[in-house]
Amino acid sequence: MFDDLRDLYQEVILDHGRKPRNLRRLQDADRSAKGDNPMCGDRMELFLKLAPDGSIADAAFEGRGCAISMASASLMTETVKGKSAAEAHKLGEGFRALAMTGTCPDCGASLADEMERLQPLSGVHEFPSRVKCATLAWHTLNAALDGGSKEASSE
Amino acid sequence: MSFDVARIRQDFPILGSMVRGKPLVFLDSGASAQKPRAVVQAMVRSMEERYANVHRGAYQLSEAATADYEAARAAVARFLNAADPREVIFTGNSTAAINLVAHSWGRGVMRPGQAVLISELEHHANIVPWQMLRDDGRGIELRVCRVTDSGELDMEDLAAKLADGKVGLVSIAHMSNVLGTVVPAERIVAMAHAAGAKVLFDGSQAVVHRKVDMQALGADFYVFTGHKLYGPTGIGVLWARLEHQERMPPFLGGGDMIASVSFERTTWAEPPAKFEAGTPPIVEAVGLHAAIDYVTAIGMPAVEAHERTLVDHAMRRLSDIDGLSLLGAAQDRGGVFAFGLDNAHAHDLATLLDRAGIAVRAGRHCAEPLHARFGVEGGTCRASFGLYTTEAEIDYLAEALTKAREFFS
Amino acid sequence: MSFDVARIRQDFPILGSMVRGKPLVFLDSGASAQKPRAVVQAMVRSMEERYANVHRGAYQLSEAATADYEAARAAVARFLNAADPREVIFTGNSTAAINLVAHSWGRGVMRPGQAVLISELEHHANIVPWQMLRDDGRGIELRVCRVTDSGELDMEDLAAKLADGKVGLVSIAHMSNVLGTVVPAERIVAMAHAAGAKVLFDGSQAVVHRKVDMQALGADFYVFTGHKLYGPTGIGVLWARLEHQERMPPFLGGGDMIASVSFERTTWAEPPAKFEAGTPPIVEAVGLHAAIDYVTAIGMPAVEAHERTLVDHAMRRLSDIDGLSLLGAAQDRGGVFAFGLDNAHAHDLATLLDRAGIAVRAGRHCAEPLHARFGVEGGTCRASFGLYTTEAEIDYLAEALTKAREFFS
Amino acid sequence: MFDDLRDLYQEVILDHGRKPRNLRRLQDADRSAKGDNPMCGDRMELFLKLAPDGSIADAAFEGRGCAISMASASLMTETVKGKSAAEAHKLGEGFRALAMTGTCPDCGASLADEMERLQPLSGVHEFPSRVKCATLAWHTLNAALDGGSKEASSE
């Protein structure tokens, strides 16, 4: 009945959805932001620890939501560790293209490995109402990087 | 006339659609119902044969359109068994109707120190306008009647919150859009009136499922929305006693709601025109009239009986599913079921069901406080039935839910 | 593409009607326009193939309906040349849109001591909401800019009434629904902004007749209504700059306009959702989109050119009629003519014309102060043109008016 | 072009419309009422002088409006002179039936002469939007008889 849904819910998504990595509060975070998807009730709080050079030393989150949003947050925190703010922004743009269209033609070779890791979420582009579940974590990341404790929304 | 669901389904062109290669199983009628051909055709006829702006037109087309518009008002009055068509005010939807009362009655008639009493099972449309009234600095309090664990109104709490006589208005959903609970409306009216409070029922869900009768009910205001009653979007109804309309200042200002206008002083038209500013939803009123004719021809008792069968069937089939939990278990309930699966988030579940052709809603269904009350902040899935829903569709839903649980296991 | 009115008329099924045995001559488009088949069909398709409630639905039909609804918003934004689709708020009609601004901006942002400046040529929809604001005890004054004898805005008076810097909002009809006058919008914006006032244009008539361009105009709010633009009833548009929307508190409370709801505290959704409470006019948005596509395909410059021909023709033909007096003689005008006959009351005249198959409106056209200004308290007849109006129809009107004068002599 | 409109605008209507009878203010009126038809802007003020037995000694009006409403007010003031309040109310009911349907089957023989006089206005029933022009005077009469200086409306 649901076999064709293995595109969307690949094993890696289900796994990250069930056991999200970096699901914890960073007590000594330099930056944090809250994200909210009023559409489906997903909420998260993201914490970043920055290295002296401004790059992301550690990333973690708290929150709950659907498998897509949890997996996306989990993969995002794994992927951005060690990245500069500029790289992280660029990754976020690439990911949004991936989530909305299924591919990211503009993603250069420099981010190829990271995009590869995020690829399992590309199936979401066939489900317009679910795209925001996938992008919430990245919206929240932008909010955190842009320096506030702003509230992000994927609507 | 016996209720023949197969024949009824043929009146709804959209029900023959395929979704992702599977026949559409539309279980989101509680959010908005599909439209029978009769409604669509009435709107087409209105636009292609009898269209002009209403009122004030001294020519034949405008007279025809005006007659159609006022005939729709009369049809709503008959549908509600209202004493007088002038008790029927057309608005844009239920939300606009409740806001009208919150402004015109809440700000225009209620006094500081009074309270509005709602309940935990309300739709946001019957929460937010009253919060805005409370927060408007007019000294109006907002009280919330509790809901029991089985999803019914806590009548003791209602009595307690009415006891000090400060409640000016009780505003409660006649039927919950999440729990399916139908509240004991007559009792509420009796209790509220005894405590000196007026009563508004949000009938957005109730009128779709039950015969309602304004003269028997004795309430003060009643609200519903066209698109859930197999009618068009863009139209809602506020039923309000004439004596209340007299006391209420107008809400929106503009054309058609005035008797005379000068820059110094403007006087209002008689009810209900006073509350219908600007060009009304003319074509939508015609469509709503056709929708009312449609359900009336089938007969609300037949609709209700069909739904009772569906509810019993769904109760049986859904309780059989491992890991599935239903929200609420009211004695008196309509065809709305909110549920969760132990191993799937509501949104993932809805996506799975969509792949099977099943349309259910996921989220908090504009009833966030109710979801908090039941500890399901993450939301639920909701299957809601219409008069075209079949037992076979419910069986298919149950089968899909079972398979979904396996999928996520 | 050349403008072929005969072909265009075939797009409007109703224009082939007979009225009292005579072919319909519909000259009341200013009150509400007829609908082309494309609009009707788009609405039918929406209801029969792509209908569900919008937003929050994680299934295919709801996604399709949501995409259609948001595509309509984008189409309106393109039509207005708005910078961002989020500047487009859907309402029930122009009246509701102006009331929204009167509440959310007038009561939420304006301060005591400030004034709203309207004009003598306004429709009641742009008078009454501001009177209600004035009379609300918030210390907001209402000023009225004079109109000259030729029916134009008195720009000196406008300057004088802006001079003290107290005016917070100028709210003026872009085109008069009685005089046909098109006001010098850019100049008004420049003067108002220089005096620290925001500007709202009531574009209910203007958008039907001219290309409007929000980025070029530089106004703050712009309003129009679907049913006059060959679209459905039940839908209107408020265009409002995002920065203004941010500052404005919501108007109606309910579903879809919130970010989160608890009984203690509710937070609002982002613009424009914040101003669209409840189920929106979904099918009507689809119809409006089709109407915009329809006029855009013909081309607003072509529509405007056709209308200029009609206006010149009507000016010539109507001035020839003994005993007929026209209201207003603005330089820049659209296809709306209000007139009186010396020996017939407007209502009797309209009835006569109706017998000849001609639909004109009689009365004060929701502009009572303007009629008082011109000393025609008893009302006028008004002929207003659409893109389907022909010179032959105007000739027929002129002939009928001549005969009507004989009839009453 | 308008020949068939002679049904509605009979000579007597045009005549009363052009030269309404009793178009004046009664300075010593015992009763008066204002009438208003917002739909078409017709406005009138009605004055009644009552005889000691309560019957209508004199009736007059001021105002302006379309031919139908002026003729109706003119004919009304002529017709009700000498009538008791009850008779006047009854006539009003009969007239409303006439204006809305074209006939008054329930009008008994006792009022036959008066109804005959009002007959020319019966053509208005074919023009729903004009019925209120014809009935405004009678609504205003009711308001005056019912004793106030109330505002009547034919809407």
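We just call them A, B, C and D in the order they show up, numbering each chain from 1.
Here is the rule we go by: contacts are C-beta pairs under 8 Å (C-beta built on N, C-alpha and C of every residue); 3 or more make two chains touch, one makes a residue touch a chain.
All values derive from a computational prediction rather than experimental measurement.
Asks: Treat each pair of touching chains as one step and give the shortest count from subunit A to subunit D.
Replies: 2
Asks: Across the interfaces A-B and A-C, which one involves more C-beta pairs in contact?
Replies: Answer to which pair has more contacts is A-B.
Asks: CA centre of subunit A versus CA centre of subunit B: separation in Å?
Replies: 38
Asks: Can you compute the centre-to-centre distance for subunit B and subunit D, using the mean CA position of each chain? Integer Å is fine.
Replies: Those two chain centres are 46 Å apart.
Asks: Please tell me the distance, in whole Å, between the geometric centres of subunit B and subunit C computed from their C-alpha atoms.
Replies: 31
Asks: Counting only residues that touch at least 2 other chains, which ones in subunit A make the list?
Replies: Those would be 39-40, 127, 130.
Asks: Give the residues of subunit C that touch two or more other chains, as numbers and ranges in rising order.
Replies: Answer for subunit C, listing residues that touch two or more other chains: 56-59, 62, 258, 260, 347, 351, 354, 362-363.
Asks: Pull out all the chain pairs that touch, please.
Replies: Chains touch in the following pairs: A-B, A-C, B-C, B-D, C-D.
Asks: Using the touch rule from the top, collect the residues of subunit B that touch subunit A in their complex.
Replies: 344-348, 351-352, 354-356, 362-364, 377-379, 399-400, 403-404, 407-408
Asks: Within the complex, which stretch of subunit B touches subunit D?
Replies: Touch residues, subunit B against subunit D: 55-59, 62-63, 66-67, 258-260, 269-270, 273.
Asks: Across the complex, what residues on subunit D touch subunit C?
Replies: Touch residues, subunit D against subunit C: 1-2, 4-5, 8-9, 14, 17, 39-42, 64-68, 127, 130, 133.
Asks: Report the residues of subunit C in contact with subunit B in the complex, numbered from low to high.
Replies: Listed in rising order, the residues are 13-14, 17, 19-20, 24, 26, 28, 31-32, 34-35, 37, 39-40, 43-44, 47-49, 51-53, 56-62, 92-96, 98-99, 102, 123-125, 127-129, 131-132, 142, 144, 225, 227, 232-235, 250, 252-258, 260-263, 266, 277-284, 347, 350-351, 353-354, 358-363, 366, 368-369, 372.
Asks: In their complex, what parts of subunit A are in touch with subunit C?
Replies: Interface residues on subunit A, with respect to subunit C: 36, 38-40, 127-130, 153, 155.
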